[in-house]
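We just call them A, B and C in the order they show up, numbering each chain from 1.
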Amino acid sequence: MKKIILLLPIVGAAVAAHAQSSVTLQGTVDIGVNYVKGSRTSLTQLMSGGNATSKLVFRGIEDLGGGMYAMYWLESGFNADNGTFQASNTNNQPSGATPANGMSFNRRSIVGIGGSWGEIHLGRDWSPSYETYTGKFDPFALGVGLGLNYAGGINPNQVRASNAIAYISPKVFGGFSVNAQHWRGENASGTATSGDGTGGGGRLMYDNGPFAAAATFMRTKYAAGSAIYRSLAGAYDFGPARFSFNANKDQQGTLKQSGWMVALTVPIGVTQFKGSYSGIRTNQAGDPEGKKLALGVVYNLSKRTAVYSTLAVIRNSGGGTYAFSGVTTAPNRSSTGFDLGIRHHF
Amino acid sequence: MKKIILLLPIVGAAVAAHAQSSVTLQGTVDIGVNYVKGSRTSLTQLMSGGNATSKLVFRGIEDLGGGMYAMYWLESGFNADNGTFQASNTNNQPSGATPANGMSFNRRSIVGIGGSWGEIHLGRDWSPSYETYTGKFDPFALGVGLGLNYAGGINPNQVRASNAIAYISPKVFGGFSVNAQHWRGENASGTATSGDGTGGGGRLMYDNGPFAAAATFMRTKYAAGSAIYRSLAGAYDFGPARFSFNANKDQQGTLKQSGWMVALTVPIGVTQFKGSYSGIRTNQAGDPEGKKLALGVVYNLSKRTAVYSTLAVIRNSGGGTYAFSGVTTAPNRSSTGFDLGIRHHF
Amino acid sequence: MKKIILLLPIVGAAVAAHAQSSVTLQGTVDIGVNYVKGSRTSLTQLMSGGNATSKLVFRGIEDLGGGMYAMYWLESGFNADNGTFQASNTNNQPSGATPANGMSFNRRSIVGIGGSWGEIHLGRDWSPSYETYTGKFDPFALGVGLGLNYAGGINPNQVRASNAIAYISPKVFGGFSVNAQHWRGENASGTATSGDGTGGGGRLMYDNGPFAAAATFMRTKYAAGSAIYRSLAGAYDFGPARFSFNANKDQQGTLKQSGWMVALTVPIGVTQFKGSYSGIRTNQAGDPEGKKLALGVVYNLSKRTAVYSTLAVIRNSGGGTYAFSGVTTAPNRSSTGFDLGIRHHF
């Protein structure tokens, strides 16, 4: 899927000097029809990103010689159903959420240096646990099929962190890699909450052929109680099908939440069938719990374009009110979601 | 005017797999000096988009084989005189207007599948009546020369609709085509205004050589009274000149508005002379009415670059206060507008 | 550093017609670790643009024949540490500041026509004094090393102006050039502040081989007192080192401010050492004054990529409270700033 825009020097300048210059411009447009229903409301809507987030990416690599390279990655997510863009966060705290609608590089904004020893990134980056929620482990990862364990995250850095420094190791010992990250909350010093939003974490991963696994730990400081996030994920591709799972424990102060997901993906020709079962439970009064069953099919018209459809049901217990985006459901009632869309990578 | 950025696979990957990959990056920068005057105020300003909207476009087509293709079109309008961007709308209702300034794909944000049977689009698209106000029928279409019948639209979907599904037929029977569209307001269910913003419409068009014509009908539901929009347009190019017109009837509840425009375009060498006469009338107290005469000249320095100038006068009656953007005029007084600018397509 | 994306016509169209079509897509990602300290607070943060502003640029030139060309330049600044974008200004007055976060072409948004007689630009452009604060005269120009004389500008057009018309002459008489500019505040007429934000200015510059010098004057009207800005700058490259300075006088009504900076840049191989000493003083009670010493090093990994570090100290007197961005210091106390970052041009 990687494409390079050839960048040639302006006529008259020396060609050799920038022969390796490049910027890759790529992206995704994914829009579907979406029907969601809770016990209280229902909604038929167009929705962006049912199979892959609609996005625009500017990125590139420069060979520095001696096995070193510089790299950057600027990625902006948008809501393709109405043309608006998604929000970023400037300080890794709820107060840092920016207004949505205008374009930002909310999904990634990094510059880095790399070599055989790994990569160092500076900027807004995927946090260590990001990888455990991508399609590598959750075959839906987005839309109505997304594992319910992903819902209601307590930690604002569950997916990304701004103001971060990251080290990503190369694969060693036949498939192991490490990601270590630190991010800053950037509050003025001298107050009780000066450290809020500063945190970090790490990921140990194994990825080799049919087998992949990851374990992550992250902690973001808050005077009111640090937000801690742990996740585990694994996958095994046994040919006719691929099994995967992820699980997480999320807490801040006395509030605790845990979730899990198991999934199966079956490719038949250009069609991919997938199903997942996921759950989430918090320690609030009654121990509210939700479980989701999702079934989906992706029909690949090419390597870049697919038509997809997903049907999913959420069931609540213990007073849970988990529902699909856009609708509400009464405690212990269920919610249904369906989508049918087109996904195009460019 | 179409240009393709060649996208080559990263060196080392198989070239054949993505030989057809492409993204077209194009746009327009159009800025002019603009003088507008009403009976109450006057203003000398720089203005964006006197001849063509300043915009940035990312789009592409992928050949899927078997006569099928996938396509996307992401278009963002901006105010080139100050560098800010234009607003979008998330729900096809006045409440969904987004703040301007930050970039959005406010002008178009679609993904689609096409073939010999036509195209299906999902996303924020040109609504059926859009075509009747483009340069195909109104030779000004923008700036101080824009037909006055375009002013004060009651229907937020007069030009575009978010959350839309559209079918666009190919040309059949020597030039006929159909555009049918449905869009969603996406309000929560169970209230009196749940259906607000949901609507649809269609366009029947004929376009063959010197002759073009279109008829459109659109209706967006509102509990307070559906917004209905009808437009008609036609053009005939008889060689030394091209005649065109459009007309519209716009209503919501008891509020009704109607407008019309007739225009002539005369190309002489690389210069284009154009004139239009347009009017608008609403059924408010006194039947306020405005009429505009516009005269313009476009001098093409190349296929992509032009210098243009327009002079236009609005006359009001019945208590009308129609005036050029940025100024106000007293009832039944006139307003004058002038612009002189540079338009560059890239 | 200039690169062109070759734009080829869609297959089937005539190649010759657009053989010269081009859009250059380029930019910078620059992020560093930044430690700043005042007597009251300190902060460790990630910061964008310590060596060069993080930005995205779309620009191009079209040959119109006969020695004429059309050009456009759209440049958007962003905060690469968190992915948000920077603000623009719609009316050259404090009231026209737009919200940051969403992408705008805040750094430049122009269309122009050029030839052997010079260039005419329309839009949001660098104001005449911009050049005297770039790296041409201030070797830091950004980050903790930026000359202190640049701080606290009274004139919103110190760097850029929206709604502007500019004429830039070619170099004549072996290196002289002129920049003359006019910008509009675009307020409604008929009030005392109608003229606010309207202004203009000019720059006389000499630039030839080792020697460069510039003098600028700008004035923006305000009913409360016009904002006047004068700057002078000079540089001489005597081989092993380059000396440069700039100085400015800034005033609005009775408020006056003056500043100066002297700098030395010493290149040794691919490493650049630089130091500057700068000061600023206002005529408020006590004549508060600040002085900054900055020392920096830039290690170029390639023509496009560098690692840089800067250490700077501000000392205050007369009640001055000048401090580095993000921290505060008590009157007459000092402030310290340090950064270490990666800058990559693409």
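Criterion: a contact is a pair of C-beta atoms (placed from the backbone, for glycine too) under 8 Å apart; a residue touches a chain by one contact, two chains touch by 3 or more.
The shown structure was predicted, so the numbers you read here are calculated from the model rather than taken from an experiment.
> Pick same or different for copies chain A and chain C, depending on whether their interface residues overlap by over half.
different
> How far, in degrees, do you have to turn chain B to put its CA atoms on top of chain C, rounded to the nearest 5?
So the copies are related by a turn of 120 degrees.
> From the C-alpha centre of chain A to that of chain C, how far is it in Å?
36
> Of all the residues in chain B, which ones touch at least 2 other chains?
Residues 5-6, 25, 85, 99, 101-104.
> Give every residue of chain B touching chain A within the complex, in rising order.
So the residues of chain B in touch with chain A come to 5-10, 13, 17-18, 21-23, 25, 58, 60, 62, 64-65, 68, 70-72, 74, 76, 85, 88-91, 96, 98-99, 101-113, 122-124, 162-165, 184, 186-190.
> Okay, in this complex, where on chain A does chain B touch?
It comes out as residues 1-6, 24-27, 29-33, 40-46, 48, 56, 78-85, 99, 101-104, 301-305, 307, 326-328, 341-344, 346.
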